[in-house]
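These are the structures, in structure tokens.
Next come two complexes, and both contain subunit A; in the first it sits with subunit B, in the second with subunit C.
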Partner chain A sequence: MATIELVDVAHSYDGGKSYAVQDINLTWNDGVASALLGPSGCGKTTLLKIISGLLKPSDGKVLLDGEDVTALSPRERNVAQVFQFPVVYETLNVYNNLAFPLRNRKVPEDEIDERVTRVAEILELTPHLKRRAARLGAAEKQRISMGRGIVRADTTAVLFDEPLTVIDPHQKWHLRRKLKELHKELGLTMIYVTHDQQEALTFAEQVTVMNMGEALQTGKPQDLHHRPEAPFVGYFIGSPGMNLFDATPEAQGVRVGDYIVPLSQVPQGDNLQLGIRPEYVEASMDAHDGWLEARVNRASLTGNALMAEVSGAGLNFKVIVPENSPLRSGDTLYVRFPEENTMLYQHGKLATMEAAA
Partner chain B sequence: MKQTNQRAWFFLLPALIIVAINAFIPFMTVINYSFIDKLQGLPSFWIGLENYSSVLQNNNFRQAVGRQFAFSFLVLAIQVPLGILISLGMPKKGIGATATLIAIGLPLLIPWQVVGIIWRAFTRSDLGFVPIIFNQFNYNYDAALNSADAWWTVVIMDVWHWTPLIALLCYSGLNAIPDAYYQAARIDGASRLKTFWVVTLPRLRSVLTIGILLRFMDSFRIYIEPTMVTGGGPGNTTAFMSDVLVRQAQAFNFGPAAAMSLIYFYIILIISYVFFQVLTNAGTGSDQPQEA
Partner chain C sequence: MGLRLEHIEKRYGSEVKLREVNLELERGMFLALIAPTGTGKTTLLRVMAGLEKPDFGRIIVDDEDVTHLHVRKRNVAMVYQQFINYPPMTVYNNIASPLRVAGKSADEIDKRVHDVAEKVQISEYLDRLPQALSGGQQQRVAIARALAKDAKLILLDEPLGNLDYKLREDLRLELKNIASESDAIFVYATPEPIDALTMASHAAILHDGHIVQFGDVRDVYLRPNQVVSGEYFSDPPMNFLPAQVEGGVLAMSEQLKIPVETLQAPLMSGEYIIGIRPHHIEVRHKGESGTVDDRYLRGNAEVELSEIVGSDTTIHLKHHDTNITALSNDVGFFDLGEEVSMFIDSQQMHVFSPSGSLLASARAVRG
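Moving on, here comes the complex of A and B:
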């Protein structure tokens, strides 16, 4: 069991010309099921390698249970990692694959047997134990990879680097459920890297969103949805993502396009962005005073709701209305951005607010 | 009956003609020769397996076969581990990688005859640098008189000439191993030697199969280099199978020469087959050949 902490971690692959990850200060509490979410190339995998010890960060420290392990090798860390492509030792059978990390650490054979049997049972590999690992399918191979991660009694954390990429869709949900079961049963700290928000949000209790080498926000899936702390988080999470507009401060609110959003608190300065999720935009077919008049360009059904792409006041944005709404293309719609769900960003972060004049 | 189109034969014809001229006709001629007694100016006649039995009883031939096996085994035993070691030490990228590749590949570009000439020059007792170096250590090196010297010279020449082939094949094989395998092995706490056994070597299997087969066949057929350097001597101590065969043919003993070359051919064929089966199945714990 371990709490993982990254303190001021940065890493550069080219000696400081550019940074793959920067200013990372993150904590994973003992036993948490957590996800690292971000687009390809955002530095998720780099961060994972830094935690497992495959990579020594250019700057900063890695702490396991408060102990500085930055200089320790992966072998000395008790952190397991499962890779994107299933790695099995092809010449060994499944049993010997699972026993491999234990044999390397000179664990007595009877203990190895006990651990391997148990892990094989958890991962439903028992019928394959005598088979050569190379002959199994991708899903079984990935289970072997996971098995090698959890077979050691002293494993404190397991890192998953997009482990379901090469797995067939119909096996994916099964493996994902298996992972959740593992987490419940073993109480290990798990960090799951993915670029698939659905995978992240269903697996994890705590999600960290990354972009361009920076950790933008860490929180519960609901928080990331309700209160994205950066425009990128709002845009990346949710489908469709958040509507984002350039904004300028006014006395009673902010101006977006030709429309003034009334706010009780306003930010100062420039480089403002206003964000509102399509599902939080309040919409009505009837005219209201001070509401924005918009034209529906397209309305399409998404699951159990209707998504309307609208334009008005010089803005293009998306609105989600209930499925049974009579909305059609060409209709006129009146909308308003409720203050409690409107986010204001400045320089890519939540803006600081002052009471309106 | 179903009408079939026979025009495809026209497309096959060029290949069939080439294979016939190139392989089939000469091969059949040799088989034919091996069963007849052919003397110049006299009619040939069928003598059954007499040529084969005379060849198999020929001491020169039998010694050459033994020598040939010893030689091939020795050069494989040196070249394969050495080639793997070299490939492991070669830089993976940058200008160093290019430079190493060129330097290592250089011996492969030199024609066999030239290799022979170079090594003869190296080892000549009057002006070669090899005898001079050995003389520094009070060892009187003479490939023309001492058969052990001649043997090692031929073996080392072959190692110098062909280890680069194994090294280059393994190098390409090494570069095709995904990093994740090594990372997983590090996380699993494997030592470097263990990692080599469970990750590197199994993943080099296919290139090594090709390398070992090529090297076995080529070393088994070696002719020009020892002929240039030692002329098969001193005595017959470096006379390999091709050498004995060529001498038979030059003496116009076509029947025994044909029988000899066929025996030679079957030895290579059978051993290559066995090698291939063993190598493709090694460590797979099954009796089925494995998909690449």
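Moving on, here comes the complex of A and C:
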């Protein structure tokens, strides 16, 4: 296992006209379970290929434990990969499928046996060891693929590329749990690529959110939720996403629509956006001085809360209130945006703040 | 328009797909038809559309029996989960084709196409071919085509099923807005409770080819009349725990106990099934402080897995040998195998008989 670093990595597929990924500086520490999360086309798969060695980046370096491996092949880097669709030898039995990567590297048979037995146990493949892979279903085959990825003790890192795509929705949580167990028991460096925020946030201790070729934020799932460092992160993480408004600076806060949000720290300059999550908007049925008056256009249950779509002060936004709130469509609601949960962005990044006048 | 299904039965060979389906829908209703995938929703939609003839029963539209009327003579539109568009035609022609078949004038067609395209936000793509669009845009085209027909009955079969969750979030709100400006009947088949809660005015729970509950969407959600209603119309599914009342105490396990007098419904001695939604179970780390009201049943549990879903955390628990799912309204973290304390809110419990029918419901959230 190793620490993986990408230093100033960028890649262009068209000789520099456009970049699939750029400005990438990321570190995955030894033994950490992490994820690359973003919508399709965000560059996450390109990054995965750069880490594994399938793709040499146009610019920048790949380091394993500090050593430059940019020019090395996947085999020399010793990185294992698990793909979207199961890669198994249909004619071999499960045991031989799992043993294959070890025999390839001339590992002694008794060590192979020990390793295969252990991996089969974790992945609940023990009862199938003697069966031909062809006779198994998609979920079992994908477990074999995962097993082949992790079976070698000397692997640098295991990369997973949307590994649950072929799995029936009802079995997904079981495999998500298996993956977490695997990580806990084996302490492998794992990087999981997906567009599915649930899979990423459940699996990983460290998540990197990507969009349009850029790594926008890396952090714990809680950080991404509580303190999104870019408007896209606020929108993409969480359901419903963050409310975002254009903002202009004022002496003691910022103006959004016709409402001034009082702040003790104010941003400078223009091109500002204010972000606040629907669950962090403070709401009351009674009028309060300085609160924004809004009309409830629609109130619907979400299954564990009530979501109100409201408009006021020239703004449309969402507010989450407890499910037993008496709020109904047509009601008037008073809201404010508590400073501790209000984010300010400038040119897509966190804005620099100064003490208010 | 009004649509009435009377005693509908549909078989494929010896398999009974629908039995004794009765349903009455009125103009402007948005019905969510809720059931797991592959349990007869599509068959029921096809029967409503006239694409399948029922083996028994009648379909009445505005007091007219249309059971044997050909689908082309019925004023219906259908949207499927797979984006069905005509690949060689531009988006414009995809939307216009049913109008041309209906013999509308070129001027009227042009006006309608532009109107609906604007409604579903695809005006800028009218000259493109469907393949050049993303999945979400393709499904918007299919929805636009259904709306352009100005059908009185619009049937949607899991139309958002293939889209990613952010797109689903946006499209749900858009569809709701579109439906609220229309006087057509919308029937929306889905396994997802959130679809029904956000969009529908009414909900019907389909189980075993039969509608087991029908009503105002909030009423059905807040008062599931039987175990399967609670199971299907809850995400994650409602927990069902066998319980016993003896000596004035309701017990679900050694630990999970509460005096019957604390409950709002008087329960006699005997066997019950307690239904509790995941978000009415609070989970705390061991040693975490906090006050607990008498109305909570307390127990220990082990964390099987905690998952972050949207802005919530689903916690899969094991209490003795029972699987319990809890949900907290924030983004939290629980370790695999962690020992936790669990608090079940007795005021939110639904009490079912051992055969699965509702005896007493939770204190109603204001409906």
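Assume the second predicted complex is superposed on the first by the 355 of 357 C-alpha atoms of A that agree within 3 Å, B and C clash if a C-alpha of one lies under 4 Å from a C-alpha of the other, contacts with A are read in each partner's own complex, and residues count from 1 in each chain.
Note that a residue touches a chain if its C-beta (ideal position, glycine included) is under 8 Å from a C-beta of that chain, and two chains touch if they have at least 3 such contacts.
These figures come from a predicted structure and were not determined experimentally.
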{"item": "Subunit B versus subunit C as contact partner of A:H347, first or second or both or neither", "value": "neither"}
{"item": "Subunit B versus subunit C as contact partner of A:K56, first or second or both or neither", "value": "neither"}
{"item": "Touching partner for A:R118 - first (subunit B), second (subunit C), both, neither", "value": "neither"}
{"item": "Which of subunit B and subunit C A:H288 touches, first, second, both or neither", "value": "neither"}
{"item": "Dominant toucher of subunit A (residue count), subunit B or subunit C", "value": "C"}
{"item": "Subunit B versus subunit C as contact partner of A:P221, first or second or both or neither", "value": "second"}
{"item": "Complex contacts: residues of subunit B adjacent to subunit A", "value": "178, 180-181, 183-184, 186-191, 194, 198-199, 202-203, 283-286, 290"}
{"item": "For the subunit C and subunit A complex, residues of the former touching the latter", "value": "164-166, 169, 173, 176, 193-194, 197-198, 218, 221, 234-235, 277-279, 304-312, 316, 327, 329-333, 336, 365-366"}
{"item": "Subunit A residues touching subunit C - in the complex, by the definition given at the top", "value": "39, 173, 176-177, 180-181, 184, 195-198, 201-202, 220-222, 225-226, 235-236, 238-241, 277, 279, 298, 300-305, 307, 309, 320, 323-324, 326"}
{"item": "Complex interface listing, subunit A residues touching subunit B", "value": "49, 52-54, 73-75, 79-81, 83-85, 87, 89-93, 100-101, 104-105, 132, 134, 145, 148"}
